[in-house]
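Here it is, the structure in full.
Naming follows writing order (A, B, C and D), and every chain is counted from residue 1.
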Amino acid sequence: MRNVAIIGCGQAKHGRRTDVNQAELVAEAVWAAVEDAGIAPEDIEAYAVGNMQGFGGIAQPDLVFADYIGAAGKPMQRVATGGTVGGSVAHLGYYEVASGMYDVVLAVSWEKHSDSAEPGATTGLLHVAYANLSYMMKVGMDMRSFAIMGLAGAAAGISAYQAAFYMARSGCGIEHFDMVAAKARRNAAKNKYAHLKWPNCTADDIAKTEMLIWPMRFGHVCPASDGASCVIYASEEAVKKLGVEKPVAWVKGVAAYADEEADQGEAYQGTAVVDYSDQTGAILSAMKAYERAGIKDPRKEIDVAEIYAPFPHQELMFSERLGFFDDGTAWKAVEEGVTEIDGDFPICPSGGVNATNAIGSSGMQRVVEAALQIMGKAEEHQVPKDVRNAVAHAWGGQVQFNTVMVLGDSPKR
Amino acid sequence: MGVVRYEGLPFVARFRWNTGKIMEKFYGGFAERQILAAKCENCGYTVVPPRVICPKCSSKMNENNLVKLDGRGVVLSYTVVRKKLDGKGGFVTLDKPEVIAAVKLNGADSMIFAKIGDVDVEDIKSGMEVVPVWAEKPEGRLSDLLYFRPG
Amino acid sequence: MGLIKEKYEKTMQVEGEWNTGAYRYKAPEGYLDEFVKNFRDRKIIGTLCTGCGRVYVPPREICARCFQKITEKVEVSQYGEVLAFLVSPPLEKGKVVIAGIDAVQAGFLKEGERIILAMVRFEGTSSSMVLPLLNAKPEDVRLGMRVKAVWAEKCKGALSDLLGVEPAFEVKFE
Amino acid sequence: MKVAVIGYAVSNLEWDAEKTREETVFEVAKSALENAGVSREDVGTVISASTDFLDGRTISNCMLIGGGGAYLKDESKAEEDGMYAALYAAQRLMAGVHDIALAVSHTHSWIFNPHQVSQYMLEPWFDRQNDLINGITLAALQARMYMEKHGVDELDLAEVCVKNLRNAAKVPYALRKLHDITVEEILESEMFSDPLTELMIAPPCDGAAAVVLASENVAEEICENPVWIKGIGNSCDNYLRDRDLAKLNSLEIAARKAYRMAGIEEPFREVDVAEITERFAHQELMAYEALSFCREGKGRVLIEEGMTEVYGDMPVNPSGGALAGDPICATGMIRLIEAAKQIRGEAENQVDGCRTALAHAQWGLCAQKNLVFILGDEP
């Protein structure tokens, strides 16, 4: 297997970016990454792109943008997998190099929620189950039941159930969700690209926000941001050939094992996952990624993790599924401050998805942030310790897709 | 075993796309019956509508790269449209066929797609010169540019 | 110091749409439709995968684990357990807006009511369904609680016949 | 690492199939695995291809994991033609991470007109605001630009249709099987946007396809006659306004790359058969040129001389191509499958002694993106 490194990272400023159009937003991240890598645009041999097209309302938007990102006349591949898409694009870019087909590949993913006239991410999220809901109406669902389904949907649907499931298995309380959300806002205040920043935010501040649907508060919910994130990969030979002398982040293992969609009673296929906090797919993805990376004890060998957690319970849950804590115990670590920037095992020092969620960008942003930690370029939110290995995770679909990427400070031998 | 066919719930997802600053200037030019393009300082490529990245050499561009075109152009290709999409996935046969053309504006290197009016469909030819027809009171909006006509 | 959100200049907008309402879809015959038809007789049916023996309610057509089609139908129990639940705050106008319609204003939901949504697994099945939990106070709901199906007075073979679930009898030593 | 196609399946192409999307995908995935002689347990990675706008569902693969055989597999979705899914699957094998991959693609056009989706693909700030622009009218502009530049007429376009639709008559799954079709009938079919008449436009339909790929570590062990991927070329052009529509520039780049990788110097002599995605009749002629089967502007000579007929010197689309049925995301993958069938000697319109075949997929308005595979009977 070929060694592949991340030699450059770029992010657009995330927020409600009404000042630019979708192509300009993507270009902002792309050219920042090219500059960061210190290469010429001609050095890039191929592209990996993706977003969730329903959010921005353009079908196959990358075709419109190809010549904004220097991809004209070059190979470009597109993937899309829901919330995971950023992670999936990162994996695609990696495989494009690892396959031996190309030496330098640029991977970019993005989302521009503010282009939708509907509030937040309504259009995109509603249409995940739109066909199924339409069928349920046909077979006699009344408006009351429809509204009730929307009630949960407004609080990000299945994620609320997942929070309840997680509470049931771990014995944690809502106050722990408050703590995680407060940490996200605090960390985001140190990240210039983040959306919701709240210096010195406390769990009490979050606890004061209204309850959307028990056990989820308004303060637990991620924003709908606009943004784009980008990385540039190079093969080991290309790193030498390009004369890259700055620190780079090496990809040591990737995996993305698909689980079954969370069942709300309308699927025609599957295995009917009952407990949404089980996350077999996440466990398997982490296991395989570690195996490929040669990591035996993730808690000891990994120094920092960027977990895709739009809702705070997911940071707790996934940190267990990814093997950093025992099942049902992550909240204790949070109580002890273990996951703070200066803690023993920092999680989401960037503020994470809970503070900034431009869906397509979010998965890639985890990779960018993990790489920055390894390169020592995370500035104000750089963790104050030696970072040798970092994990970037993303989830998507109906809480069923997971991408895990292990990055390290040295190539695999 | 067969399938049950059904329709989606009556919902239309609407979008309001930000055009960005340089496109805003482009539409602003419409108020003065002007078409603006962006000329790349590096490679000289002139693109219309203007944009922030040169499509040929990827150089960055901004409002300082804007140049005024005289609005005249040449038809590179055209088609007489007999069937039009109705926005719901169906086709409607047009009573009066409409003409759409790929037009290269003088001074620009890229082309635009525009309606051609005030012409019999038999008379339209590639290479024909066209000029824009503006709304009576242009307001700096997309709808100001009604169509192009021979001239 | 509170929440900080950076503001960006607003540029011109142009409009467009994605006509999702014009899409048509297909569903397999004999699954959710048959499930709902059986509601007329207050029966809950599921499908049984011959590969792994799992019973799926509502019925599923393809078992992902065994990678095979499922055709066998079985009737299942009306009793089940609560696996997880959500509790809404007392509902107000303007809080539940779906596709531009205010559900409270329109009368679909009552002002001031609290809705408990439960994820229920009917006995003997491997899957779960989201249903309203009726006739219970939020404080009394607990995980693993035994519930039974609540049917409309007149069942006509529609999804809305199954109103939800309510707490089942509990036998206690006294 | 070399990669081979070891199994495949194509569903029936129909305008309105009596099957759900889950059923169709499940059936092709299952038959492709059977065709390859492997089970789902043997598969390491699954890549599907579909798009959210065509399926009318955000995350179009989210409820297809079970049906597509991807449950607890290293999975992803290419949101473009199925041949790009095959490409990604091949890359995962070439990286040495997996040994067997399944790539599945589908589109059910009945649910929503893909031509309407072509309008959603336009740049929204200017082009999409013009309601006359869509995939068909743009293709018509492209056709005229190409035809006027090289003296091609409507008859040449009709000849392409006649060849492909007659070829399709023998293909069991094809949608448009018109054995007795004539040039006149093509020209007299309903005019959409001149010069393009109804029969010059690939008919969107319901359909799915799947291929199983294997790395050189296992391919020969599992399969008696693996079909090897010898060359891959992929390229994306500028957006419509900044490209020469009269030429398939990105296809030319892709083809050149694929030929170089496969060691092909004289495509006309060395390629025995080509399966290409001609979403509109004129694009087949443009592809002849971009694939270097002839010099620029001479595509019409090939069709006029009958050289691209099944019995000709350079057979193109013996399966009938996209004009015989266009299940959008599956169309390119079906070309790949048909090319593989030619190598295995299993095609309905078999070309004698076929050892090197070319498969082509396109994506985007006026074929903005192009992907070329060169297949061969030995590694």
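The rule is simple: a contact is a pair of C-beta atoms (placed from the backbone, for glycine too) under 8 Å apart; a residue touches a chain by one contact, two chains touch by 3 or more.
Note that this is a predicted model, so its numbers are computed, not measured.
The most distant chain from chain D is C, comparing centres defined as mean Cα coordinates. Chain geometry summary: the mean Cα position of chain A and that of chain D are 33 Å apart. Measuring from the averaged C-alpha position of chain A to that of chain C gives a distance of 28 Å.
Computed from the mean C-alpha positions, the centre of chain C lies at a distance of 41 Å from the centre of chain D. Averaging C-alpha coordinates per chain places the centre of chain B 47 Å away from that of chain C. Of all residues in chain B, those touching 2 or more other chains are 2-4, 6-9, 11, 13-21, 23, 55-56, 87-89, 142, listed in ascending order.
Counting only residues that touch two or more partner chains, chain A has 17-22, 54, 57, 67, 72, 117, 123, 126-127, 130-131, 134-135, 260, 267-271. For chain D, residues that reach two or more other chains under the stated contact definition are 19-20, 22, 26, 53, 56, 65-67, 71, 112, 116, 120, 124-125, 129, 238-239, 242. Chain contacts here are complete: no pair of chains fails to touch.
On the side of chain B, the complex with chain A involves touching residues 4, 6-9, 11, 13-21, 23, 51-53, 55-56, 58, 60.
Chain C meets chain B in the complex at residues 9-30, 33, 99.
Contact residues on chain C toward chain A in their complex (touch as defined above): 1-11, 15-18, 20, 23, 25, 27-28, 31-33, 36, 54, 56, 58, 60-65, 83-89, 95-99, 103, 106, 108-109, 115, 117, 119, 121, 126-130, 132, 138, 143, 156-161. Across the complex, chain C is touched by residues 13, 15-21, 54, 57, 117, 123, 126-127, 130-131, 134-136, 139-155, 160-161, 164-165, 168, 185, 189, 195-201, 205, 210-216, 223, 260, 263-272, 274-276 of chain A.
Residues of chain D that touch chain B in their complex: 18-20, 56, 112-113, 115-116, 119, 124-127, 129-134, 136-138, 140-142, 144-145, 148, 190-196, 238-242, 245.
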